Amino acid sequence: MQSDAAQLFYELYDLYARYTEALDDGPLERWPEFFTEQCMYQIIPRDNYDQNLPVAIMRCESRAMIEDRVTAVNETMMYEPRYLRHHTTDIRIEDPIGSKVKVRANFSVIEVLPDELPRILIAGRYLDRLERSGEVGWRFKEKLCVFDSVLVPNSIVFPV
Amino acid sequence: MQSDAAQLFYELYDLYARYTEALDDGPLERWPEFFTEQCMYQIIPRDNYDQNLPVAIMRCESRAMIEDRVTAVNETMMYEPRYLRHHTTDIRIEDPIGSKVKVRANFSVIEVLPDELPRILIAGRYLDRLERSGEVGWRFKEKLCVFDSVLVPNSIVFPV
Amino acid sequence: MQSDAAQLFYELYDLYARYTEALDDGPLERWPEFFTEQCMYQIIPRDNYDQNLPVAIMRCESRAMIEDRVTAVNETMMYEPRYLRHHTTDIRIEDPIGSKVKVRANFSVIEVLPDELPRILIAGRYLDRLERSGEVGWRFKEKLCVFDSVLVPNSIVFPV
């Protein structure tokens, strides 16, 4: 029973590592695959989250909307080229019950623009709910990215 | 016997994640719960540590002093509002013997002030000794936060 | 079989933590011990890696060359004193077959100069191949450090 905890931790740590890899190294088309069909993805400022204000700077209410977001990033939006690099740390598993689990983790995103030194674009925590199905393993049912800034970086074009 | 190592790693990784969560997301009152009654908590510059100089910028010699520190942060001190976000990485377990273990890890703290971009406040390593008791699990007997800066950030009001 | 995955993850996570410790806390003489005799170590910009250009900013084609690099850092080069602190995160194990495995991870290096605040020197990903031998455990057969900057920091004197 105890080694189940270590095994579950490894499965979820690995999922977050693969999620991060899809965002940092692409292609971004892999990003929607980490979500269930019915899902919720949000990036929300900490102040809004703490005060129960619903205003998010990015909100997708299904995997179809997440796929639309990928299209928008790849085809529509104008932005300066840049590289992003995530750190996902302090991953904590909550309430594992059968094929459902909650996960909390800290994240930061380092942004590298051409001819500039790396800088931290955004930092915060993930508050996620995941489900496991037999064929595809763990996927996000809900992913809530609560970031610590008051100032909204205008370069939050890409998902976190 | 081998899977015991993976299980112990998970237990300690989880402890550090919960410790980080208490500091970053609060309430800070949860911080003292991670320590044994008799304990030592210090934040010390790397140069002092390397030269065996005892001067720490924060030093608590018991859990009672850690609790006093929480009161001081919450009620007494003046500081600009800010958000903090830790990364705890490269966690290494040393010398596990029964209910005692040493742990070494890298940490950094990202600080977010209103209307500013995130920046790194402090970075360094934890050099910790922990003990496990049946009821409460692992707790810190000694937590030594050796930070790499020579310059002491004047905003080290909060624990690390 | 499943708990083998958790055990392998712990072994490799621990190796990366010890590797990081050797670089950050020294002595640097411990760095070559993490490599097999026949090995390849490279630090390469992301643009070059993506375009299959072989130009690396640091390249060692054997452990003997890695040992020479240690000597060069310690005895020959001129550089301002500084502290470095790594974060290794999002570690992902690929294709474990017997005593061979591939590992991918994100890294960043925080640099602290005297009288300055910490800043991110470099960020990127490790793309590594490792081998295990009975006596010494896991070691790097190939370590490829792909960093995200276009600008090459002139302080990349130390290994990553």
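By written order: A, B and C. Residues from 1 in each chain.
We adopt the following convention: contacts are C-beta pairs under 8 Å (C-beta built on N, C-alpha and C of every residue); 3 or more make two chains touch, one makes a residue touch a chain.
In this text the structure is predicted, and so the values were computed from the model without any measurement.
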| item | value |
| --- | --- |
| Magnitude of the superposing rotation for chain A and chain C (Cα, nearest 5°) | 120 |
| Same-residue or different-residue interface between chain A and chain B, half as cut-off | different |
| Inter-chain centre distance, chain A versus chain B - centres from mean C-alpha coordinates, in Å | 26 |
| Per-residue multi-chain contacts in chain C, two or more chains | 3, 6, 9-10, 87, 89, 119-120 |
| Of all residues in chain B, those that touch chain C in their complex | 2-3, 5-6, 9-10, 46, 87, 89-93, 104-106, 108, 119-125, 148-151, 153 |
| Complex contacts: residues of chain A adjacent to chain C | 3, 6-7, 9-10, 13-14, 16-18, 20-21, 24-25, 83-89, 110, 112, 114-120 |
